[in-house]
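Both complexes shown next keep chain A, but they swap its partner, so chain B is in the first and chain C is in the second.
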Partner chain A sequence: MYRYDKYDQAMVDTRVEEFRDQVRRRLEGKLDDDQFKPLRLKNGLYLQLHAYMLRVAIPYGTLNSAQMRALGAIARKYDRGYGHFTTRQNIQYNWIKLAEAPDLFADLAKVEMHAIQTSGESIRNISSDQYAGAAADELIDPRPWCEMLRQMTTFMPEFSYLPRKFKIAVIASAEDRAALRWHDFALRIVQNASGEIGFEVYAGGGMGRTPFIAYRIREFLPTSQLFSYLQAVLRVWNRHARRDNIHKQRMKILVHDLGQEEFTRQVEEAFEHFLSLAEDFPQAEYDRIAAYFAPPPFEQGLSDEIDLSDPAFAAWVDRQVIAHKAPGYAIANISLKPVGGIPGDISADQMDVVADLAERYSFDELRATHAQNLVLPHVRKADLHAVWQALVEAGLADANLDLVSDIIACPGLDYCSLANARSIPVAQKIAERFADPARQADVGELKIKISGCINACGHHHAGNIGILGVDRKGSESYQLLLGGSGDEVTTQAKIAGPGFDEDGIVDAVERAVEQYRTIREPGERFIDTYRRVGMDGFKEAIYG
Partner chain B sequence: MRILTGNDLKTGAVTWWTGYDWSIHVEDAVDAGDQADAILAREAAACRVNNPYAIDGEKAPDGSVRPAHIKDRIRALGPTVRPDLTLKPADPDARNWVI
Partner chain C sequence: MAEPGNQAFPTSLRFRDDAAADEPSVSLDAFLDQGEADSVRIEAGEDVTVLFPHLDRVRLIEVDFPRFRDGRGFSTARMLREAGYTGELKATGDVLVDLIFFMRRCGFDSFAPDKPFDPADAEAALSRWDHVYVPAADDRVPIWKLRHG
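This part shows the complex of A and B:
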């Protein structure tokens, strides 16, 4: 993975000291809240329901064991012993004290991490495939391009005061594991007829109150022109954005106002201009970055056999383990969704366990997924049993990847000051309702996603079953949505009908699932059945 | 009744106006009545509490103060999904006070 050079380290260290000074002045009363708020947000420090909340960036979801251990140590030292992995492959802490934040940032900087551009109108952490560099189906490792983009867009003045936040994703496989078309700007690495590597480009996606699925705006962009192209996109947005109306500032609004054709035309025009400046990086720079992502030294001649005589282990392998590109290796998913637990939460002790496993069995590498789980990307098949045993001991061995209890949920009203309703208790009740592993296995792949308000941090628009918390005359209420997806066939979920209270929504989800079981055809997942029969095929079963 | 709340500058902890100071216990909150705006202006300038504001509260039959909106009751107690991290970890009825 990428390692900071002396410039990266100097920039981050300088930023820590700058923030230390800003905090000092705030504590001395020399800065008021209005003056200080933009400064803390530039460093990912929010004020939430119970305390300051810190969002730390995990670039494209990749981290090493020293970083995971540091995240655990921070949870213990500055927070209350746990952290929360988010749908954008970041981690959040809920109980940070302002006076201690500068020391926390110094600790992060020691392991080459920070919280810059995790808030505000900037280019946020770039997301990617959690199996990057390991997946059997990828064309190349997309992470060097993520890192190139990260370097291009960090501290870049034109991108520091954008009209609104800007989210980028990069993948390199046909299967989309990163919800590509729900991003403002997204790249899929492809190969053209003459064997050249380039990007298929998407723009204008996003969730929030006005959800849009990104359009494809270019079939093939040569990799050497990426910077010019991204600048062109941002220039068009910067030029026309509705800075007068916070609800219309996201690029998705502009793209869909102008339409695919006109937006593309303007981007191509600006692109010509940027190309003429000849500011794109040389190939040598890509080669330098890509060298950091050279595959680890996989052993040759390993067996692909896994001893599955232990049924509990076999069930875990069946659900959590994914094909790796190197013979004898596997990708192991770690569930952060124990039935009755809080989706994405992990204790400091568990972080240590996971860090140890990565160090010992996965070439020191870990990944955070947008579904709020973790991944050991490079495990020898022969080591899977030992990994599983350690996970069992740490309470991390649930076998529910992509099943009904693998629920994405935002923090909701338990933690978030923008929330209308709690998300976590709903996730817990649904998981408990379907706790029986045989029942979950029978239902099969089903992605439930819950947001506590219209901002859609819990991806409800992309849920096969989505749940949205709303405020109904001062009490919590929940809308049910069906038919969303964030994979290569991206669709937006539709509202099924009137809302429910907390227990009512759990019953409604169960009725939808039972209806699917009644009408499914052989081999159909929930989403396939929904696509075949539409909302009409479910409505009566849900509402009677 | 109008009660005043904010987050402590240093710790971020939720605090309530007691008539002369800020407390983390909502039980200590007092009705600021028509003084609310004046106190808020003074306290914002004092930089002890972030962004203080007034909310509606009600007096329960036992005389204790209860914020009118669920959001402020969750603020007053702590996350309902982590009773161990709330101000009343040993009180099994605390959650009922919120919901």
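This part shows the complex of A and C:
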């Protein structure tokens, strides 16, 4: 994976000192809260119900064991001994003190990490395929392009006060594991007819209160022109976005208002201009970065045999382990969704265990997924049993990847000042309702996503079953949505009907699941059945 | 409002050697109508490209930041420099000292903030960064070039 050189290190070190200075000026009263707010947001610090929440970037979801250990140490030193992996492959801490934040950033910088542009109106951490570099179906490893983008989008002078946040995703396979088209700007790495590598470009996606699925705005962008093209998109948006209503300033609204065609025309015009400045990065820079992502030294001639005589181990392998491109290796998913737990939460001690496993069994590499789980990307099949045993001991061996209890949930009213309703307890109750592993296995792939308010941090628009908290009081506090997905088909979930209270929503989910079991055809996942029969096929079962 | 030369506004925040324009700036509409003024003011949201045919007779362009969170002026400035404008480019309005480094990089060479900067803070903000990742309207060399000679 990528390692900082002296320049990258100097950039994050300087950022720490800049922020230290800003905190000092805030504490001395030279900056008022209004002026300080965007500065702290550009360093990932939100003021929440109980304390500051800090979001640390995990660039494109890749990290090594030293970084994971540092995240654990930070949880112990500055928080309450745990962290929370998010839906954009970042990690959040919930109990941070402002005065300590500069020291925390200095600790992060020591392991080549930062919280730069993880919130506020900025270009956020780039998301990617959690199986990058390991997946059998990828064209190339997308991460060198993610790292190029990380550097190119860090401190862009012209785009330092964008209308709103800007989220980028990059993948290189036909299967979409990164919810590509739910991003403001997204690239799929493709090959054209003459064998050149380039980008298929999407723009204008996003969730929040006005969800849009991104349009494809270019079939093929030569990789060497990425910087020019990205600047063109950003400039069109920065100049023409509305600035009068914070809810209408995301790029998706501009794309929608102008129409795909006109937006694309303006981008192409600006693109021509940027190309004429001849400021794109040299190929040598891509080559330099790509070298860091060369495949690890996989052993040759390993057996693909796995001893599955232990049924509990076999069940875990069946659910959590995915095919790897190298013979004798596997991708092992680590669930952060124990039944009754908080989706995405992990203790500092568990972080240490996972770090040790990565170091010992996975070429020192780990991934965070947008579904709030972790991945050991390169495990020898012969080591899977040892990995599993260590996970069992650490309470991390749940076998529920993509099942009904593998729920995405935002922090909701337990932490978030914007929330209408609690998300975590709903996730816990649903997981408990379906706790029986045989029942979960029978239901099969089913992605439930819960947001505590219309901002959609929990991706409810993309849930096969989505749940949205709509009201703080009264009995109708959760809406049920069906039919969303963040995969390569990408659909937006639709509201099923009137809302439910906290227990009612759990019952409603169960009725939807039972209806699916009743009407599914052989081999159909929940989403397939929904796509076949539509909302009408579910409504009566849910509402009677 | 603080102007260059006033006590409240250290002259060091004008990064030019030529004499400052002495006439007050006019609005973009007035500038286009009259054809005499040599100083023009651009409000956030105005289309700067209409100025491009007239740049050779302009000495001062003021770009207003109504709220510091409104980043349109960054694009306005850089587009002016990309169009070849070499006169004074002044950021006015809600300009915070934490923004001036990026503003310099977008081509601004003078500042008239509503609230004057502390000179020490301004100096620190402008000298803090030894390197930059990307090119902009200044002549700083991006890291990706430094790496490859």
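Following the convention adopted for this analysis, the second predicted complex is superposed on the first by the 532 of 544 C-alpha atoms of A that agree within 3 Å, B and C clash if a C-alpha of one lies under 4 Å from a C-alpha of the other, contacts with A are read in each partner's own complex, and residues count from 1 in each chain.
Convention: a contact is a pair of C-beta atoms (placed from the backbone, for glycine too) under 8 Å apart; a residue touches a chain by one contact, two chains touch by 3 or more.
Just so it is clear, the model here is predicted, and its values are computed rather than measured.
Within the superposed three-chain model, A:21 lies in touch with chain C and out of touch with chain B [touch as defined at top]. Contacts of A:192 after superposition: neither chain B nor chain C is touched.
Contacts of A:224 after superposition on the shared chain: neither chain B nor chain C is touched.
Residue contacts after overlaying the shared chain place A:98 against chain B, while chain C stays out of touching range.
In the superposed model, A:303 makes contact with neither chain B nor chain C. When chain A is checked against chain B and against chain C, the one touching more of its residues turns out to be C. Shared contact residues on chain A (touching chain B in one structure, chain C in the other): none found.
Against chain C, the residues of chain A that register as touching in their complex are 5, 7-8, 10-11, 14, 17-18, 21-22, 25, 30, 35, 38-39, 121, 151-152, 154-163, 227, 235, 238-239, 243, 273, 277, 279, 281-282, 284-285, 288.
For chain C in complex with chain A, the residues that touch the partner chain are 44-45, 68-72, 74-76, 78, 82, 96, 98-99, 101-103, 105-106, 118, 121, 124, 128-137, 142-148. Interface residues of chain A, counted against chain B in their complex, comprise 26-27, 29, 32-33, 47, 49-52, 80, 94-99, 342, 413-415, 417, 419, 422, 424-425, 428, 474-476.
Those residues of chain B that touch chain A in the shared complex are 7, 9-14, 44-47, 50-51, 68-71, 74-75, 78-82, 85.
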